[in-house]
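Several structures are given next for inspection.
In the two complexes below, chain A is the common chain; its partner is chain B in one and chain C in the other.
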Partner chain A sequence: MTMAAAELLKELSKDDRLNRIAISDTGFIFDPQTGQSFTLNRTGLVTLSILKRGSSIDETAEQLSHQYGITEETAVNSVEAFLLQLGRYL
Partner chain B sequence: MLPQNHFQKEKNWRNWNVAVTGMNASPESPGPGFAVARSIREHRHFDGRIIGLGYDVLDAGLYSKTICNGGYLIPYPSAGRDALLERIYQVHALEGLDAIIPCLDAELQNFIGIQSELKQLGIKMLIPTREQFTLRAKDHLAEFCKSIGVDAPETKTITNPLFFDECEAQGWQYPLMVKGIFYDATVARNAYEAKSIFAKLVQSWGYPVLVQKIIPGDEYDLAAIGDGHCRMLGAVMMRKRGLTDKGKAWAGVTVVDEAIGKVAEKIIRGLAWRGPLEVEVMKGYDGKIYLIEINPRFPAWIYLSHAVGRNLPAALLQTLANEPELDLSPPKPGTFFIRHAQELIVELAEFESLFVNGGISTPIQEEPLEVSLQEHDKFKAAS
Partner chain C sequence: MDSSADFTDIGTWEPPFIQPHKMGALNKFGQRTVRDNITREVFGVPVSDLVRRYGSPVFVVGEKHLRQNIRRIKTAFQQRYNLAVHGWSYKTNYISAICRILHQEGSLAEVVSKFEYEKARFLGVPGDQIIFNGPNKPKDILRRAIEDGALNQADHMDELKMLEAVAEELDKTVKIGIRINFDTGFTEPWSRFGFNLESGQVNEAINFISRSNHLRLSSLHSHIGTFVLEPRAYAEQVRIMCELMRKLEGVENVAIDTIDVGGGIPSRNALQTIYLPPEQAVPDINEYADAICEALLAGSRYRKEIGKDLPRLIFESGRAVIDDAEVLITSVVGTKRLPDGRRAAILDAGTNLLFTAYWYNHQVKMTRNAAGSEEETVLYGPLCMNIDVVRHSISLPPLAAGDQLVISPVGAYNNTQWLQFIEYRPNVVLAQESGGCSVIRQAEDLGVMMAQDQIPAHLASFDVSGKVRPLNRSGNHPVLNRKLV
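Up next, the complex of A and B:
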């Protein structure tokens, strides 16, 4: 696991920030703190929903691995890449 | 003969006669007055009269029959406090004013100067003292920020445009923000641009001109009311989503950011601010919040406060009326505004009345205004 992604998740979880992000079923995301809005594809939406529940990177990757039939290593890499990209929008 | 209190009677803020200035509404940089008047008019409990006060016969808000019951021209701020007072006496004699909401920076000094005379007439205003007004002025801002522990971009007051030829050697790298003492701020990318902006600003607003280092980050605005006892009432925060050529927001979205709220509270506490204000901050990519400006009035986007159930212009009237509880909903992020230009039709007789007599009085149109928030919610629930 890269430190950058773990640190970012810690930062985003601070003050309940991640949990306050509004998610729509359409993939439309709105951050009430910054006013930023953007869209996620289906996989991104599932990933963010799991992270919002307070899951760690490993726990999120494990669930994605089961759901999409991919190796845990691939799932961890994907979650980290997703988090780094998410950090640029929040 | 002065109109001594002959209109004054015990009235509720809901049926006050309220005068609002700043009714200029040019699309690229509208004054806040029209938005203030619209917010009050659409408040579900307001049933009074709104009188627009403007400086030019082309100030669109003066003619808006759905918002204002009348409109009057007042003398430009450069004419001084006595000229303003004389004109307010005349308008008061015709309209019986209960409150005035000044909405432009440049006129505030004069309104501060006539506050005691207006009070004797029973006309209320929630405005800062001269000292508060001066402390938050652009040329004193850096000093004030330091005193309350708030970050601010480095700012320099200049009167000689030759500064722009030598500034890079003194650590002032382009691009730089060049600002008028009252209004207008433009980014200068080199000395040539900076000197041209300097000349325009001096022509419009006089000396001095301010130069500010640019902070890379995102801009946020907060509107609120200070009660004069260090308390902030009803903050509404907005992130700009679209800017005009003049750097004014033509689109924005409400946000809720505790850190920005805390900066605004510090400012209001530090000044014991009395009246409406707009706090402009830059949230730097370094994570710090930098105070860019404190405007001593409501912003032009204040109608957004009505849209999120925190109608600040109406809250100001309630504060003036010493209402124990303000009618404010909890902060609500995610509501957008997108400003658009619209032609207001003016009949020749109306234009003539303002042009020749300096005033126009119109019965408010009976057609329904925009649905109130409550009605809107009911409608949504029913459909």
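Up next, the complex of A and C:
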């Protein structure tokens, strides 16, 4: 796991930041802090929903690996890359 | 925790991705999206049928479209100047069937090399229907062109000397043209071709021809550039050429019967350097015809006053004739997410087939309704080269392997400048005006690729000792199945 992704997750979890993001079932998300809106792809929607519950990178990856039938290594890499994207926008 | 409790459909796996919305801001793709531009057929033939019958990728030419183009362009010129003649620029697309269609429509052949000259003759074009341009005309082909009665338009002084020598050998008096270049003030001067007017090279050439016992100057040719978006540039070109014609006709033995304005008229394609869409950036062909013909009528009016015939006008449009009469159907072979978050798709056709992708943003149409949000996408070709990019940035819905895309316009310069590099070149199919399709250039295969290769005998086997060990019973090379040199 890269430190950058772990640090970002820690930062995004502060002050309930992730939990305050509104997510629709279709992948439309709204960040009330910045007023920006975004679209998630389906896997992004699933991943962000898991992260919002306070899951760690490893826990999130484990669930994705289980649900999609991918290796945990792939899942960890993907979650970390996704967190780096979130860090750019949120 | 189980996220599947939240979603009845979790979709199939792709890396998670977030895309920001840029509401209220104009984006570079404008408002029309590729999703609005679904096409399921090209030139009246279903895309799926074409791929099933001829494979992917495949080029498709619309015969009816091509004939309509050339008729429209010729009408635009001939209704303004009835001595206007079209010369089909072979280098734009010299697939035999394309050339035949244009010759059926009355176009001359405009060729620029030994190969193109021989091809035009092979296709049955009489010598006096050929305009022979270009800077490299070896003596043997120049001799043939003179014997055939083709119009040779000289590019440089050494060619003039060669023309003189061949004409002397043949003991003939030959009517020739010269290519000239000058600054119209509108386009970047193409000074590398022909004789420069401002520096006096044109005078030198004319003096040489005047002294010759075998050459007669009968044609002035110039070509001011490519994808010229300003019709007034042509008006200025013709004005300068007519001024020169009038001056020259005071000289003994000069009777100009042809003004050849070359080509360069743009097609409705999107140059990467131009922001406006082609519908707005590219003037209609009638504007070019107006500019050229009006300037020619004005510049040659003096001839009517002295009872001389008006000169013939040759225009050598290539891309304006063929570009939008051909499309390329290509298939997605894979998709990926780039590290910077952009989507990417790998196509089975790249810059090996679509050389013009280096300077055009071709139109790309989907052939099915695709679900999912549109994102900036890069379209790569199949080559193992970083520069093999068909579109650097286009807004597309999610693509999947097997999706077919229709890329257009591709008729100009792709079937001539395409590269035999890494991949076989595919079928080119004609969607016939009368219905039905026919292959007009067969896809390459290993036999085509190996036909020109020759393997010296000492390389016949993998044995470095040099022993020749033919690997099949008949003593032939195992792949070529023929005797080695």
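In this text, the second predicted complex is superposed on the first by the 90 of 90 C-alpha atoms of A that agree within 3 Å, B and C clash if a C-alpha of one lies under 4 Å from a C-alpha of the other, contacts with A are read in each partner's own complex, and residues count from 1 in each chain.
Following the convention adopted for this analysis, a contact is a pair of C-beta atoms (placed from the backbone, for glycine too) under 8 Å apart; a residue touches a chain by one contact, two chains touch by 3 or more.
Bear in mind the structure is a predicted one, so any value in this text is a computation, not a measurement.
> Taking the superposition on A as described, I'd like to know which of chain B and chain C A:82 touches: first, second, both or neither.
A:82: touches chain C, not chain B.
> Quick one: is A:48 in contact with chain B, with chain C, with both, or with neither? Answer first, second, both or neither.
After superposing on A, A:48 lies in contact with chain C but is clear of chain B.
> Going by the contact rule set out at the top, does A:67 touch chain B (first), chain C (second), both, or neither?
So A:67 only meets chain C here.
> Please name the chain, chain B or chain C, that touches the greater number of residues in chain A.
When the residues of chain A touched by each partner are counted, C comes out ahead.
> I'd like to know which partner A:22 touches here: chain B for first, chain C for second, both or neither.
first
> Have a look at where A:32 lands relative to chain B and chain C in the superposition and call it first, second, both or neither.
Only chain B is touched by A:32; chain C is not.
> So chain A touches chain B in one structure and chain C in the other; where do those two contact lists coincide?
In chain A, residues 37 are touched by chain B and also by chain C.
> Where on chain C does chain A make contact in their complex?
Touching chain A from chain C are residues 1-4, 6-7, 9-21, 23, 339, 341, 372-373, 398.
> Could you pull out which chain A residues touch chain B in their complex?
15, 22, 30, 32-35, 37
> Chain A touches which residues of chain B in the complex?
Chain B reaches chain A through residues 218, 220, 238-239, 241, 252-258, 283, 333-334.
> Quick check: in the complex, which residue numbers of chain A touch chain C?
25, 27, 29, 36-50, 53, 55, 59, 63, 67-70, 78-79, 81-82, 85-86, 89
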